[in-house]
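Structures follow.
Look at the two complexes coming up: subunit A is in both, with subunit B in one and subunit C in the other.
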Partner chain A sequence: MSDKDLQKTENVAVTEKIRNVKTFIPRVDIYETKEALFLIADMPGVDEATVDVELEKNILKISGRVENGKVKDYNLVLSEYDVGDYERTFTLSDEIDRDKIRATVKQGVLRLELPKAEKVKPKKIAINAA
Partner chain B sequence: MKIKNLLPEVARRVRADNDHPFYSLQKEMNGVFDNFFRGFDVAPRGFTKGLGTFSPSIDVKENDKEFIIRAELPGVEEKDIDVTVTNDLVTIRGEKKEEKEDKDKNYYYMERTYGSFCRAIPLEAEIESGKAEARFKNGILDIKIPKSQSAKAKGTKVSIETV
Partner chain C sequence: MFGPGIWRMKRFADSVPEIIDLQREINRLFSNVGQGATLDYPAVNVWEKDNSLVVTTELPGMDAENINISVTGATLTISGMSKADPIKEGETYLRQERELGSFQRSFQLPFQVDSKAVEAKYEKGVLKVSLPRQKEDLPKKIRINS
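And now, the complex of A and B:
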């Protein structure tokens, strides 16, 4: 009975890696408010220097490297997780204002704010009494 | 020539360890029960995980001098983590809080989990609880605890003289 990697799912589909480490699919929350879409990804071990967010055409790719994750010269007594990189891609619609995407990293959590384009924001139409 | 000698090297070695077949059977049965009961420690954790609460994954490593405990706590605030150490037990307690800033939000994906957690890690050797150090960086908690002198002494090496 192994519940290893319940928090992390290994990404086996990643092609041709240069670094000899496992790659995991980070768990994400995506939610929408009136103004924007928010994407929050759990990537323990990454900081602002080792996380990358790329946007090419309409593919948004988030990736992170975990440096110094391995401890050498110690015996493993209990192991519930593996150390490795993170990678996940998402498809964006045209409704996102691409120039205003903001990303922050705090305590191993990547937070992306994807503001909606003006044209798709919900508008309330004022009704005049005639 | 015995049939045993025809077996590959590995098979012969195994038989040599527990020579009597009943002994090896008993050993195997003990192992089955041990693993079964050990399973109970794990099961509630896996079960609650299914219900969407957070429980950190933990790695424990040791060398002659110390233990290193690492826990993945992404998104947990430093002030929400509580580490207590007794002679042979380390307890990590805390809460991963869901952010409440945005009031009306519609979820598309909800894969991350939140909630309070408590993990108790029994260690096999006595530790110096007063000298434990903990660091928290990028969502990874690192606890270093030196083993006590008596625990270190248990493994005294006996030198063998050649006669």
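And now, the complex of A and C:
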């Protein structure tokens, strides 16, 4: 484990919700392969029904809604973390093939595959002998 | 200054849950002052009812079989291991913010736990462990003979 802050970071830039909940910035890993960009976001408490991925122009917005993390009939006696929604936006370059974006959610982790557009994939150019 | 009046405040707070949330937030803000240490991972919330406790913690993206929960007497230990996506040579991480790797954390509970009745549920990346108190450990009511 690294030394970085282990607490969730609140997203203060986001528009306020009508529900009185906090909004957090999900932690993400992004890596790149030849064919695609992969984005993995930690959003504990969401499932496929409560997570949203929107793409408007070149702004990718991921958001998740979390029902309150309360345990029914129990009283909270020690609290180290807060439960709330998630929201984060990224600017995509034009290199992404928008129609082929795929998203899956498993155990509170959102996984996005953003395939690169055909035209920017590296192409080997054959050189003919003169 | 901090006379009995503060206790009257407490009763007031009990009737307004938002104030408890606020109090919790303020306590947390100041609990780390001077220590400079980060909280242990994973962060937990502990819930109480009568003679049982529930511990919840956020562990996104694990496989249930990679989470180990053990209870001995009054000690609860949660440990596990999470892995990053394997990437091939020539591929690079552009951002790495997620907490991955192995972790372990132990808790001293306020009572002996009936280890056979401990239940754990892992869904949506949130782990929930129910810890009922051992029957032999329950407080006994003493009858007063007149």
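Here is the rule we go by: the second predicted complex is superposed on the first by the 117 of 130 C-alpha atoms of A that agree within 3 Å, B and C clash if a C-alpha of one lies under 4 Å from a C-alpha of the other, contacts with A are read in each partner's own complex, and residues count from 1 in each chain.
To be clear about the criterion, contacts are C-beta pairs under 8 Å (C-beta built on N, C-alpha and C of every residue); 3 or more make two chains touch, one makes a residue touch a chain.
Because the structure is a prediction, the values reported are computed rather than measured.
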First (subunit B), second (subunit C), both or neither touched by A:L78: both
Touched partner set for A:D29, first subunit B, second subunit C, both or neither: both
Set intersection of subunit A contacts, subunit C complex versus subunit B complex: 1, 3, 5-7, 27-34, 38, 40, 42-47, 71, 73-81, 106-109
List of subunit B residues in touch with subunit A within their complex: 39, 42-43, 45-46, 49, 56-63, 67-68, 70, 72-78, 102, 104-113, 121, 124, 136-140
Residues of subunit A that touch subunit B when the two form their complex: 1, 3-8, 27-34, 38, 40, 42-47, 71, 73-81, 106-109
In the complex with subunit C, residue positions of subunit A that touch it: 1-3, 5-7, 27-34, 37-38, 40, 42-47, 69, 71, 73-81, 106-109
Complex contacts: residues of subunit C adjacent to subunit A: 24, 28, 38-41, 43-49, 53-54, 56-63, 84-85, 87-88, 91-99, 101, 103, 122-126, 128
